[in-house]
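Pasting in a structure now, in structure tokens, and then I'll have a few things to ask.
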Amino acid sequence: MSFTDITNIALMQGFAGLSLFAVLLLMGLGLAIIFGQMGVINMAHGEFMTIGAYTIYMFSTLTETYLPGFVSAYFPVAIIAAFFIAFVFGWIVEWALIRHLYKRPLDTLLATWGLSLAMQQTFRSVFGAREVSPTLPDWLLGSWAPAEGLDIPINGMFVLGLTAVVTGGVLLALYRSRWGLRVRATVANRPMANATGINTKRTDRLTYAIGCGIAGVAGAAFTTIGSTGPTSGSLYIVDAFLVVTFGGAGSLLGTVASAFGIAQTQSIAEFFLTGSMAKVLTLLLIVTILMIRPQGLFASKIRR
Amino acid sequence: MADKKDPIQAPLTDTQRRKMLMGMASAPALMMPAMTWANAAQYPTAKVNTTKLAVTDTEVVVGQLHSATGTMAISETGSIQAEQLAIDQINAMGGVLGRKIRVIKEDGASDWPTFAEKSKKLLVQDHVACVFGCWTSASRKAVLPIFEKENGMLYYPTFYEGLEQSKNVIYTGQEATQQILFGLDWASKEKKAKTFFLVGSDYIWPRTSMKIARKHIEGHLRASSVVGEEYYPLGHTNFNSLINKIKLKKPDVIFAAVVGGSNVAFYKQLKAAGITASKQFLLTISVTEDEVLGIGGENIAGFYSSMKYFQSLDNPNNKAFVEAFKKAYGPKSVIGDVTQAGYLGPWIWKATVEKAGSFDVDKIAAASGGIELKTAPEGYVKVHDNHHLWSRARIGMAQADGQFKVVAESPELIQPDPFPKGYQ
Amino acid sequence: MNALKIWIGKSGLGSVLILALIILVVFPLTMDLFRLNLVGKYLTYGFVAVGLVMLWGYGGVLSLGQGVFFGLGGYMMAMFMKLEASDPVTTKIQSTPGIPDFMDWNQITELPFWWEPFRHLPLALIAVLLVPTLLAFIISYAMFKRRVGGVYFAIITQAVALIMTVLIIGQQGYTGGVNGITDLKTMLGWDTREDTAKYILYFVNGGLLIGAILLCRWIQMSKLGTLLLAMRDKEDRVRFSGYDVSMFKVFAFCLAAMLSAIGGAMFTLQVGFMSPSFVGIVPSIEMVIFAAVGGRMSLVGAVYGTLLVNFGKTYFSESFPDLWLFLMAALFIGVVLAFPNGLAGLYESHVKPLFGRRKAKPETTAAPGDGTPHTSTGGKPLSRGAPISGDVQGQSA
Amino acid sequence: MSNTDFVLAVEDLTVSFDGFKAIDALTLYVDRGELRVIIGPNGAGKTTLLDLICGKTRASAGSIKFKNVEMTKLQEHKIVRAGIGRKFQTPSIYENLSVFKNLEVSFPRGRSVFGALGFRCTDEVRERVQSVADEIGLGDALDVEAGLLSHGQKQWLEIGMLLMQEPELLMLDEPIAGMSVRERELTAELLARICKGRSVIVIEHDMDFVKRIAHKVTVMHQGKILAEGSMDKVQNDPKVIDVYLGH
């Protein structure tokens, strides 16, 4: 075991932490918007991610069948499509379901749980009970090896880059766009926002749909690192909730920080402990910190 | 109940259904050449059914208990299809003792208590003659006491950890030693492997398998050692830290028993970390053609899997089986090890009933030892007195198209040994 | 006699009586043992649902981790029965006879010390009651003292459920892992799998459940019940009337946990195994749904809800195997959207008016709302805020 | 600061929300048996001050002594049990309970979890409820659901709930908001009666009402005390006129 080897492992381990951070952040982001800005608990978040994953699958199948020459190019298009498909679906769900429940946040949890059951069964009926594997373009596979014994996963870098773009986009939208202004106004004071002519209903619908759209993007991106099947989304939902809760609802910065913290803890613990114990340790740490600081890492102090 | 649409067949069009029947029609000649056409009159119901099973002069009811929903539906779908295919083929040949088989399907919903509830329903309320079902160890453990208490018969298709033997279960998959030892010997001999890194999901089957593997590596292989042993929670999707640990140890072999959704993440991330077949030798005991569907052939090509059956097996039995299966479930469908084991269940049961001349569970349990099946897709199999099957072990190399190329095969049938001495 | 009648009417005992008749007389007379055993199993979930009525309906605190307590109770019972089932004679095939089989499979050669108390039934029973309650106390004390409530509390209980599952599955040498603790046979030599045992256990279970409902009813009628309701609507007012609000919530949480644990123990006894699939998030949410379907304010309704959902699940999954998940989903969404007060709310707003209102003499000590029409009319958010519905209703019929 | 004879001694009290000092080094003393009125423009920190005293908000610095006992670190219910009662700005009563229940719940016994379980409504409790109800003019309305009361009656009911606890310091946040002229008069009389034997702090905007009830007036502005003294003195203070009365 030479010094270079250890440096390489350390570098790769560092990147492993970063890439887990990106994964957690990306899966938590859509939820953070919906939960943090609207107070709605979207238990169907995982299934919206699955929508994204199946979008990639459909695109890959269609491309392979009809435009075999474009297999290397379909992926970015499919990710954008994943956003819009999940967005439209989110829009409909908000209209049909969520808008009736704004005053009862805990009930949104039950209703969206029912929704997630129905969505899973729909995936099963449409795509079959088995997992599928979209054909990924070659440029997304394999690793980038800048030096002997040092392999940086390309899919990890891709997810990291995508997360940066999406997070940046969300922050920009929230703090620089009219939609963001409306959302923040609505969060701060709904009646007042209404009074100043903001259509809060429309804002809510848009917010929910955007949250779902981001979930779709996350699901699409995760086809590069994980499975695509009817129940794939359920693998992510709890982690996503932990990230958002731990970060403190209503604070995107908190979500970023918490994703980073959880990712590093878990990734380092996994390296030095067994997988199961690492998971327990991470979860215990989260719960302990939440007990000391129940409002999450970042939450502003206000007069209660 | 029989006319109930089964979730797996539901998408089939009428044409497909017709094709499927045609496929079956060709089966009798192939499957049971020496078959004597039984007729029900020869076997009066009062004689063949003394324990109030759901057997009439024209019909025998059996149960099928798998997860059609929930996380395990991914894996269990193949078994459901294969068992149904076998039953349809048997019916097309005239049934068992002149009686058509009627199936009551129950959904275990990937939930062990549900398995227990449904198995009890099948046995106590429906009085089924036997049940084809279960996949995970946990579901089997949940139903086993019920089968023993209510004296039912379970045909269990999955390769499993062993350490179990029951009058009321026929294990048509391999117990752990049948699957593991040959593969390890082969790796040691052919691939000159000395250092092994063991990776598994965190539950009884991988843990027991790895225990056996470790004892074998340390006790029976020359100058070999285990350099790492890791377990990850079911459903774990991030393996980068594990991969770095593997890189740190530089093992000759990664010996893997990762299952479910984790499986896909594991192989995708291995590939992304530069661990591909050209650089690393990997032997798994948990990837069949079914799993490759989700993983993607390109992500696993070149790695090895130790099973008793691969879809690509070149023998007439298998050719007929694959053809019939594809006719029934579409040309793109694949057949994994457990799917084939599931297919064996109804045929073994039929042969046993005919040997015993009775549907009674006690008589079947007693008659099971020594039952032979010359028509099995995996080749000749025989039921041992301990209710497991003699079977061959095979090593397949994964191909990019999702199939396996068989590269090694045990010369003899391996005797099942659910309680292996020296491995506990 | 008349006084008794008034008291029964006032305390809503009439509905409890009907439920008791259904559980203890009607079901046993009309069902075969298999179905009765199923009902018995469902009724163990009823304990959880009743606890949730106290915690969620009355206390206004939603827990998504009740499975933890159900599971713990079940595991404690299972540990006792497993030790009894693992005597050295029956386990002589193992490398270490006399310990549970799964320990042997995991190369454990000695019974862990914390398993020892479970050799004794009284200790095991005490553990069934106390361990989950203690855990509930620790969790809820830390949370409620810091005013964690609502959505946050729900999510943190989810995290607890997750941790518990990972721990149980990860430590399979000590817990049986994913498989759980299976193949339980006897309790003090009494074979719990026999038909007579099943009947006895069913009645014990039913009796305990009715007892639990009566206990909760009594709590509801005490000042504590009034305070819980008061807290749900005007927490600050209660606090500034000199009450330690957090301790009341802790009490409600511990009560719900203890009830769940009893349910879990009864489950183990009747079904014969315990598995981590009860501890996780999915079963915990399902149990909340039972209470929601029955009516989150109604103890009796919660039991009906539990029975309805479970019968529905069994029936749908047998009759419409490819549609049953859609039907369950529709049930959940429908209940939340259209009938936020569940079956009990439906009964209050639609069935009860048909009988007319027999107005009892107003009594100062009676529950409020005396005979005035309820606000529980469908999807209005208001009706949830209104604490009065279901069998809280004192005087109207 | 050493012990004092004051029932309430607030010294150097400061609280800041994200840097904004809502109360800034405020010092205030209240005598036994005194009825103090706090006035000041919106945002002066009046309600925050009450929140701080009753523990609803935690102080960043300074001390609050009630009968020479430090209150800033105590939990809210302990502060209440020490003898401080607080009425909120909007009537905070249990709308779904009867007037009787509202008062009964406020009776200072059975305050622990198991105490509440074992609590019985004895004749002593009944008598006490009746007498308080008479005091607040709701003696005939005991069985009425509280939500059906008029706005003024709700205010009285909340005061009655506080009286049930027999506090030594009573803090009322805008007690006559939304009341008719007649109700205001009755409230003024009520306040005059209840400040016998206890101290009362009232926040109010209505100057006529203040004039009528106040023993002493404190004017707050931007988290600080601007002036303090009799109504006449305060009214003529040029600083006060400048920030408040003059506008």
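When the chains are written out, they are named A, B, C and D in that same order, and each has its own residue count from 1.
We adopt the following convention: contacts are C-beta pairs under 8 Å (C-beta built on N, C-alpha and C of every residue); 3 or more make two chains touch, one makes a residue touch a chain.
This is a predicted model, so every value here is computed, not measured.
Chains making contact with subunit A as well as with subunit B: C. Contact analysis places A-B first among chain pairs (by count of C-beta pairs in contact). Innermost chain of the displayed assembly, by C-alpha centre distance to the whole-protein C-alpha centre, is C. Chain centre most remote from that of subunit B: D (centre = mean of CA atoms).
Between subunit B and subunit C, the centres computed from C-alpha atoms are 38 Å apart. Centre to centre, using the average C-alpha position, subunit A and subunit D are separated by 49 Å.
Subunit C and subunit D have centres, each the mean of its CA atoms, that are 42 Å apart. One finds 34 Å separating the Cα centroids of subunit A and subunit C. In subunit D, the residues that reach two or more other chains under the touch definition are 56. Counting partner chains per residue, subunit B has residues 7, 10, 68-69, 202, 231, 233 touching two or more of them. Touching of two or more other chains is recorded for residues 166, 169-170, 322, 325 of subunit C. On subunit C, the positions that touch subunit A within their shared complex are 62, 64, 142-143, 146-148, 150-152, 154-156, 158-160, 162-163, 166-167, 169-170, 281, 285, 288-289, 292, 322, 325-326, 328-333, 335-337, 340, 379, 381, 384.
The part of subunit A that touches subunit C in the complex is made up of residues 35, 39, 41, 43, 97, 100-101, 103-107, 109-111, 113-115, 117-118, 120-121, 125, 238, 241-242, 245, 249, 276-277, 279-280, 283-284, 286-287, 290-292, 294-295.
Listed in rising order, the residues of subunit B touching subunit C in the complex are 4-7, 10, 68-69, 105-107, 109, 111-113, 116-117, 120-121, 124-125, 136-138, 141-142, 144-146, 149, 161, 163, 202-204, 207-208, 211, 231, 233-234, 419, 424.
Partner subunit D is touched in their complex by these residues of subunit C: 219, 222-224, 226-227, 229-230, 233-234, 236-245, 247-248, 250-251, 362, 364-365, 368-370, 372, 386-388.
Across the complex, subunit D meets subunit C through its residues 54, 56, 75-77, 80-81, 85-86, 88, 92-98, 100-101, 104-106, 108, 110-113, 116-119, 121, 126, 142-143, 145, 161, 165.
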